[in-house]
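Each of the two complexes below includes subunit A, the first together with subunit B, the second together with subunit C.
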Partner chain A sequence: MDEIREKIASLIKDGKAGSVLAIVKNGINVIPVQITSQNLDEVSNICLDERRYPIEKMLASLVDARDDSSPVGIVLRPCEKAAVIELHKLQRFNIADLILIDIDCSRELRDKCACDWKDDIAVKVQEGKEFLKDETLDTLESGTSKERWEFWSKHFARCIKCYGCRNVCPVCICKACCLEEADVVEKGELPPEFPIFHLARAVDVAGRCIDCGKCEEACPVDIPLRLIHKKVFRDFIRDFKYIPGASIDEKCPLDFIESIKEEGD
Partner chain B sequence: MAHVRWIPTTCVYCGCGCGLLLETTGDKITKALPQAAHPVSDARLCIKGWNIHQFIHNEKRLKKPLIKKNGSFVEVDWDEALSLIAEKIGSTIKAHGADSTGFLSSAKCTNEENYLFQKFVRSVIGTNNVDHCARLCHASTVAGLAGSFGSGAMTNSIPDLEQSKCLFIIGSNTTEQHPLVATRLYRALKDGCKIIVADPRNIPISRFALLHLKHKPGSDIALINSMINVILSEGLMDSDFIDARTEGFDELKASVADYTPEMAQKITGLKKEDIVNAAILYAKSKPSAIIYSMGITQHITGTDNVRALANLAMVTGNIGKPGTGVNPLRGHQNVQGSCDMGALPNLLPGYQAVTDAALRGKFESAWQCKIPEQNGITLTEMMGEAGEGKIKSMFIMGENPVVTDPDSTHVAHALKSLDFLAVQDIFMTETAEYADVVLPAACFAEKEGTFTNTDRRVQRVRKAVNPPGEAKADWEAISLLASAFKAKGFDFKSAEEIFDEMRSLTPQYAGITYERLENETLQWPCTSETHKGTPVLHLTQFTRGKGKIFNIAFKEAAEQADEEFPFILTTGRLYFLFHSNTMTGRSPSLNAEVNRAFLEINPADAEKLGIKNSEYVEVESRRGSVKVKAKVTEGIREGVVFMPFHFAKEAANVLTGRHLDPIAKIPEFKVSAVKLKKV
Partner chain C sequence: MKSEDKKTPSIIAFTCNWCSYAGADLAGVSRIQYPADVLLIRVMCTGSISPHYILKAFQKGAKAVLVAGCHPGECHYNAGNLMAEKRMKVLKGVLGFIGLPDGALHLEWISASEGIKFAEVIQKISDKVKEIDAEKV
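Moving on to the complex of A and B:
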């Protein structure tokens, strides 16, 4: 951690980064801070906490607020780096404007998250190794559709429509969201309509969801949301031979708009 | 480069006390998100929290003090507005005495502001006529639990509810009104906890309940006493606990003998088997916790309802341990704090009685003043006396009684009858419209301070941006007002200075400092700077010594369904909105979810009246009538209808009455007789 702190301090001191976004711990408050030459002493408070923030979206706010072209640095966990790659591909910002500072999660957190980003999913896929293993998902998939329906309707009956899953999702960046359209989901009802409210999002982020599980962490009623996204992520890799978040250069098979544009050129 | 900051603070909506981050670019708050690793909210929020930034920069925010001249408001400077308030209230005092004035503090304001407000009223104005909206929500809890246990607050902590094996949720729509408390209930459920819901409506958590008792509004005591009756006759009481920790059990034993399940069945409209099963489930699955809210408190028997629940917990020994307790969920984010701060007509800060000469003397010497010896009058009494011309001048800080108090037509009459009214708020509310002077206030994101949530947790509120225009934090406005009255002792430079004065006089807060709050989460009582705070109350003994078991008799609600008014109207909040909708109504994402009132009615009742879903119904009580769309739903008991009270138009409180609990003076919002007519 000290190495990272020194690196960030020198990036700012040497003028290589205009600012760096990192999580700091001040007393009981674990908060994101934009570190610049003005508040460089915050560097000593940089921490790695169990709880994750939607730091990719915070990065987007920093890039938007920037009034010069100085690069923005950011401290990223492996899953967050994958999300930043997706956001670059979605043209939310340009990765060339960023300085990515890698940080590893604690072993406990990696185990808790059953994280596959730590060992590079791409390598696992290439070598034909098992990836994104999940017993609950396997059991569900081997069950009947009635069982699956019951499983999910029970969980989603707790939903309080906070939109937290969408709000923290690093790749949910549409300006207008279909979940807020009265024609798609009836307004003012609790729980929201099942399954449209929840499945619309799962389908929408297919091809860019990187299975970080922040949606599940943000759920006030502990709905196992990551299971849905893991299912989509796993199937996507299998069927399209494409790993969202793994590479800057590889194009998403669903990115047909970009392809059409290129053909037009 | 515009600096982006994330300011940690505490949510301003409900009593959960969730930890927020306000994302701020320059002087604009652009987003709200949950704080990681927060002891209550643990990186989650409800929809109101996520959208809390949306009202802050609304263009309708009050920016200048206003004085009403010839019927319309004119912008003036602070000096002119404050001088006018001092002059008008001063002349009321001169002509009719200090007790002809009334002051409403606010559960939306900080602890510091509530402390300063009541200090101003008591020491400068010279009356104890200070109260706030706790009168409308948990006055019966404050009185009831203080009587039973010696402390009128939630006995346990939000996190420890996860350990319960049985949750008895009565009159609390926890999922909608305290979503981040519901988180813990659902976690308990996952670990095998059994849930009993007692509520006349289907609520989100009732579908997970083993038993849903849809009892008649106002029949709570019959239900609770009958549960105790069953527990005693089945031998399921905790005799060791009763002997060692309580008094009054023998009288209770005799008095509940009449409340057989057969008898309670008649009053509650429940099946007697369900009452028996609920009693056995609650008594056998230890630890069991009771969770309650307005469904218990807002009755003419509110105080008795609360004490009956305390009895139930005591006879089964379900108190003073994690996962147990009598847990009132407080409505506002700081209604616990504003009670703690003595914004009550009978209590000084820290629940120290006004009528106790020694306690009063402590404050008198600290404040260098004389405090009136008699209790002041309550909010509900103030409105009554204003209507009768006895209260001549009022000052209302951050409350909107025109929408939230019972019998709105009467409230409007009362406010119009005043010689002078000053209102301090963040928007031009329905109440401020009646004012002679309106002061612009800073909102929670524009000032420093503390809030105390429902589990007695004192948490920091931090300034993220400047207030709009000339708006000021309420504590600054009170300080200035005090100097307009030429008073000393209000010359505070910061909220922290006020907090430090307060804690020197308030034993429960004595050990809490701003510095400690940077490093610890503290729940009162916290009596010294080395005290770690108190997550669970009454561990080895009750605050009052022995727990007092009260003898509680069932009494009917003030209004009953009859031939002329055959339905019972019950009112409440919706998940998406908050109270008088001053803030949520100006938050586009929330307003888009719900922006109209409705009347929930059972299909059988709707059919009899020929009312179809979404058709307009005229709802009429003895006070007034409103037209509103019907929402036909199996979710509500036959004979009972429900309306949310958020809306100034289609106002539920036009219908509700001013029947008060004799001890707590809380109105019976939950039972009004109404008739319905298809429009």
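Moving on to the complex of A and C:
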């Protein structure tokens, strides 16, 4: 903990990083703060274990907004690191412009998120171990399609179309969003059309969703969104032998241009 | 068709311009009978079909969607059909998980000379739709 704080302070003092993005606790407020040489004393308030924020998204705008080419530091949890790798692959920013400072989550937080990133999914997959276990997901999958339809109709009927799941999603980076397109989703309907509203996002982020579960955390009406994304994530690994967010060099099988190149060879 | 017989087609078929649409054309020219409750939508390549189109079709009441393209290796644009195959795999998983019946989304390879196969595929899907309808009632 103190090591990381010292590291961040020295990064800024030595001028290696222009600024460092970290989550800071001020009294009862836990908020992400951009630490620069001007507010270096915030370093002592850096909080590593309380809450998750979509800091990868803020990072992207920080990289865009910097005046010089000095790297931006960021304190990252394992899932957020996976998201940063995906954003690099989507060319939102270059990972060479960043200084990644890895931290581990606390045991409680890890249990709360049912996190698989900590024990490296790639290793689990290679060894043939069970990964991304989820009881609700398994029961739903083994049930009938009618049961599943009823389950999801019930949950999605609560949706208030706040777009929270999209706004918080680290890999939802399109400037024009299909969910705001009248050709895809009818405007002014509440609850939004089921299933297109929710599935359009699920298929869009397939291959880059890293199963962080922030969408479910952000949902004000507690729709178990992570189940869908977990299902997509798990099937993606099984079908394509590719783990989103695991490595920088591996190319996503749904990457159109790349697959054309491969086939052309 | 009389006006009171008009109903929304229960099958939407996205057909590739270079193979399957020509295959459907051949089925028509050869006067092969196949169920009429299908609406063909011609696309330049199955690789150009966004999953959103298919979701929209289901949203608007389609009972089944067929995506028909060139056989692997015969794509006019080299690999568009393989791209579609990958996308459909993901989409099929999600649709099944949300509770759509198994026979809702079909992916078939139909070449320009396979008019008979086209008719057979439509017949198969139409039977499947009737089966699903019967289960619901």
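In this section, the second predicted complex is superposed on the first by the 255 of 265 C-alpha atoms of A that agree within 3 Å, B and C clash if a C-alpha of one lies under 4 Å from a C-alpha of the other, contacts with A are read in each partner's own complex, and residues count from 1 in each chain.
Basically, a contact is a pair of C-beta atoms (placed from the backbone, for glycine too) under 8 Å apart; a residue touches a chain by one contact, two chains touch by 3 or more.
Only a predicted model underlies this, so the values are computations on that prediction, with no experimental measurement involved.
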| item | value |
| --- | --- |
| Contacts of A:178 with subunit B and subunit C, given as first, second, both or neither | second |
| First, second, both or neither for A:52, with subunit B first and subunit C second | first |
| Which superposed partner A:15 touches (first subunit B, second subunit C, both, neither) | neither |
| First (subunit B), second (subunit C), both or neither touched by A:151 | second |
| Larger contact residue set on subunit A - subunit B or subunit C | B |
| Intersection of the subunit A residues that touch subunit B with those that touch subunit C | none |
| Subunit C to subunit A touching residues, read off their complex | 47, 51-52, 55-56, 58-59, 78-79, 82-83, 86-87, 89-91, 93-102 |
| In the complex with subunit C, residue positions of subunit A that touch it | 140-141, 145-153, 178, 183-184, 193, 195-196, 199-200, 202-204, 206-207, 228, 231-232, 235-236, 239-240, 253-254, 256, 259-260, 263-264 |
| Complex contact set, residues of subunit A against subunit B | 18-19, 23, 26-34, 36, 38, 49-54, 58, 61-62, 65-68, 70, 157-158, 160-164, 167-168, 180, 182, 187-188, 190-191, 217-222 |
| Subunit B to subunit A touching residues, read off their complex | 1-6, 8, 21, 23, 25-26, 30-31, 33-37, 41-47, 49-50, 175-176, 179-180, 182-183, 186-187, 190, 204, 207-208, 518-521, 574-576, 589, 592-594 |
